[in-house]
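Heads up, the next two complexes both have chain A, just with different partners, chain B and then chain C.
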Partner chain A sequence: MYNPYQYVPGSSLVHKLDPRTKIITVIAFSLVIMQVKLISLLAAAAFIVLCSQLSRIPAARLLNTLRPVMPFFIFLFIIYIFFTAGTPLISLGPVQITSEGLAMGVLQVGKFILLVLAASVLTISTSATTLTMGLERLLRPINKLGGSSYDIAMMVTLALRFLPTLLEEMNNINEAQLSRNSNLSSLGLKGKIRSIVYLSLPLTLNFLRCCDELADAMEARCYRHGVRTFLYELHLTPMDYYLIIMVIITTVLCLIYL
Partner chain B sequence: MSASNHVSLRSMIYAALFGALTAIGAFIVIPLQPVPITLQSLFTCLAGILLGSSVGAMSQIVYVLLGIIGLPVFAGGKAGIGVLLGPTGGYLLGFIAAALVIGQIVRMKRNPGLLWLILALVAGNLAIYLLGITQLILTTHLSVYQALIIGLLPFLPGDIFKLAAAAWLARMLYQYFPFGRQAS
Partner chain C sequence: MISVRNLNFSYADDQMILQDINLEIEDGQYVAVIGANGSGKTTLIRHFNALLRPASGDVLVNGLSTRYVKSHPEIRRMIGMIFQNPDNQMVGMTVEEDVAFGPGNLGLSSAEIRKRVDEALEKVGLSEYKTRPPHTLSGGQKQLLAIAGVLAMDSRFIVLDEPTSSLDPESRFIVLEQLKQLNQEGIGIIHVTHNMDELANAHRVLVLEKGKLAADGAPGDIFRRVEWLRDLGLAPPKITELIWYLRQKGFDIREGLFSIQQAGDEIISLMNAHRLKAVNM
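Up next is the complex of A and B:
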């Protein structure tokens, strides 16, 4: 069965950090990494290795998260090495690989890979619920601008709850249609559009009823907008404050001097 | 008080539903050459048409947040804030903009016909491409021409299919979303 969650429970130092600290670190890391040169790429890579070691995440688990992004990155790499002007390194008939192109390709694709790995350390070491709470706290300033971070957190939590049910529903619809001899892969152009419609229409309609029932149930239990409290509140430890300050100082220094 | 301050509970739940549906869309793969179709942007379009611009955009924010907290709901099973800040992240921001644009255009008419829906959908898709390709160029330093080759061409056939399917679906589903129409 498909497992949508990347989270691996643990009790390491990284696991214990407040989600806000980790989110801020990843955002700061991504700001810095977009500026780095080829040599500092190694330093950034060392930072990721350090974090993954500290969090005791199995390396295979971490590298696994790269699999979905690799096709695009390889494609991007090819574009870089073949279509960057500069001194030719190797000539393959009409096309040539330039040294500038190779350096550019390694640098850019390396950056993106590290970016994805950094985010993966975050999501592997933090459960979806904790991350939602962390995001909610970070989004609090929008409450002053007329939005509601509580509403957003509630919607993300609801969507998290909907996902497995929707997947199951989708499989049911798929099996029901297969048992009635529908074959989505062998259809023509018009059939493809029809197959999209025949899958999404029942999926949406079946769920509308669930949504209405949920709304009634929540209203019956007096759900209302406004400030909300949580069963488990997040607490920033002195360690978290120390790290956040360190991260901000390092980021500012990197952005100035790189 | 702005209207977005008092989103009804029902529209919040519908936004959560369409956020989840957009996420599910990433798992529905329909084979097509050269790039297979996944259905996220279909549900983005539907959210814009059926929920209106603000709730529709909210549903797409929920979708992006689902990806940020680590669910593999971005195209091809990608996840994490790294994708949002990376080269293809602009398309995700484009989803939010598309729902806004589509919602706005559809609401301009009391009873939008098929042509008007298609116009709105085309505008929404343009918003996705515009933001997506802008971020692609900014992060990768590719030329505009190169960016169009990898960021636009492969997706065009699939998006035309999705556009047709979205218009068809929206016509059938429109009657079930009464609150979307009276909201301004």
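Up next is the complex of A and C:
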């Protein structure tokens, strides 16, 4: 199955950064972009172009990440251009497109597009392992409050690890059912709903059994609450420190002045 | 060493699943556990690494009782366990991280983890798959990966619950050879199986019947009792059955053989003896 957000190994500057630096940058970017006006949207876009250049991710690959979310963006755009009050630009019978609406649509959809692209640069340039480790390290303060960054990291890891297994299982069940009778398109709405129920029932049962066995297997390998160590350790380079400080200063300035 | 003393266990109050089990397993032994479906094999071996605790009686691992939660990490480090379904015991996003899970839980330094992971993968022959996602391995390789995960914890015993039941014959052979080799290096193996032909490497066989230890002895002694095994719902190894059949037919053939080679040699010498007799007449 093709996953446009999947990690592509590489040796670019962005690939080499510590995951924490990249996560912090994406979080900062999403904070700032919420405040942006139409003009500064261009600056934000320029920043994304810069990042994608530095990460040497081919533009086509990066733009592909927009495809799955496109219907949502189109829907959003339509809502904005038709339902914003203001000076009419074009009238189509009872509805009108206003110039304010057009500006709003471009701005809001532009923000979302840039957000998706920023997150995609992160996931394409960082392996799932490193990403989870970065997340774990950033969450460590919650350990002092009684939470467990290790548990959270473990959950993310397991979710990522079992997703392919789950999809495979879904395919198997689906095929088994298809071979027994129906081609889905000939079913009515009722039939389609029923076939989804038939699909989800065995899937859920299998999944629960799988969780049970997994819990035993983890326990058998000494998993418990508390500190654990990892195969890889993360190291912040001077470059990382420099970038994190720059990002924080820029973000604070943007939040104050935008 | 694993010592089981007067072990009783039930999941619910009304029905005892394990009854008065007593046994000792020395370090380095290769023990097979057999018994009909529902006879309590899985329940018994889950006591060895404290996944289950006795209702009464004791299970001691190197003198540590599974009764005390404090000893569980050490017990589980010494007794590695491998489950039937290879997919549901892999927890890492890559092969090497999966092997690193156990050592990481023990809190080892990342240099030490690296060393153990590399050694364990080397030993089971999966070094070249280090960075692959584990779900892309074959069934046999997945079980080898699970074995590597146990080796990286430096376990004394590997306990396996029907590890080959979902494998094709070739993968099955590879996994069994791996177990044999590890056993020769001094690691104890406790192997639950339904397939009697897998027992050629065992030093000792435990037979469970309805939660009781019905027999405990050398494979030769256990498998000689062909009819008794059949009554328990177990099929003896094919070789043993063949020899048993020949004896029933009145041939004077040695019992207690269960490798193809031994049995073959025995049958050949029998045939030679017959030929000699025929020539002399």
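What to note about this one:
By our rule, the second predicted complex is superposed on the first by the 236 of 258 C-alpha atoms of A that agree within 3 Å, B and C clash if a C-alpha of one lies under 4 Å from a C-alpha of the other, contacts with A are read in each partner's own complex, and residues count from 1 in each chain.
One rule holds for everything that comes next: contacts are C-beta pairs under 8 Å (C-beta built on N, C-alpha and C of every residue); 3 or more make two chains touch, one makes a residue touch a chain.
All figures in this text were calculated on a predicted structure; none of them were measured in a lab.
Three-chain overlay on chain A, with chain B and chain C fitting side by side and no clash.
In the superposition on chain A, contact is made by A:A159 with chain B only, not with chain C.
When both complexes are overlaid on chain A, the residue A:T65 reaches chain B alone and has no touch with chain C.
Touch criterion met: A:A128 reaches chain B and chain C at once. Touch counts on chain A: comparing chain C and chain B, the chain ahead is B.
Using the contact criterion defined above for the overlaid structures, shared-chain residue A:R228 touches chain C, although it does not reach chain B. By the touch criterion defined above, A:A220 lies against chain C but remains apart from chain B after alignment on the C-alpha atoms of chain A.
Look at A:I196: by the touch rule set out above, it reaches chain B but stays clear of chain C. Once chain A of one complex is fitted onto chain A of the other, the partner contacts of A:E175 are absent, as it touches neither chain B nor chain C.
Seen from the CA centre of chain A, chain B and chain C lie at an angle of 70° in the overlaid model, rounded to the nearest 10. Chain B and chain C never share a C-alpha pair closer than 10 Å once the two structures are laid over each other.
Annotation: chain A residues 128, 132, 154, 158, 160, 214, 218-219, 223 touch chain B in one complex and chain C in the other. Across the interface of their complex, chain A is touched by residues 49, 51, 73, 76-77, 80-81, 83, 85, 87-94, 96-97, 100-110, 113-114, 117, 133-135, 149-150, 153 of chain C. By the touch criterion given at the top, residues 1-2, 4-7, 9-10, 12-17, 19-21, 23-24, 27-28, 30-32, 37, 39, 42-43, 46, 58-59, 61-63, 65-66, 68-73, 76-83, 85-88, 139-142, 146, 150, 161-162, 164-165, 168-169, 172-173, 176 of chain B touch chain A in their complex.
Within the complex formed with chain C, the residues of chain A that make contact are 128-129, 132, 154, 157-158, 160-161, 164-165, 168, 210, 213-214, 216-224, 227-233.
Contact residues of chain A toward chain B in the complex are 2, 4-7, 23, 26-27, 30, 34, 65, 67-69, 71-72, 75-76, 79, 83, 104, 108, 112, 115-120, 122-124, 126, 128, 131-132, 135, 146-148, 151-152, 154-156, 158-160, 162-163, 166-167, 170, 184-185, 189, 192-193, 195-197, 199-201, 203-205, 207-208, 211-212, 214-215, 218-219, 223, 225.
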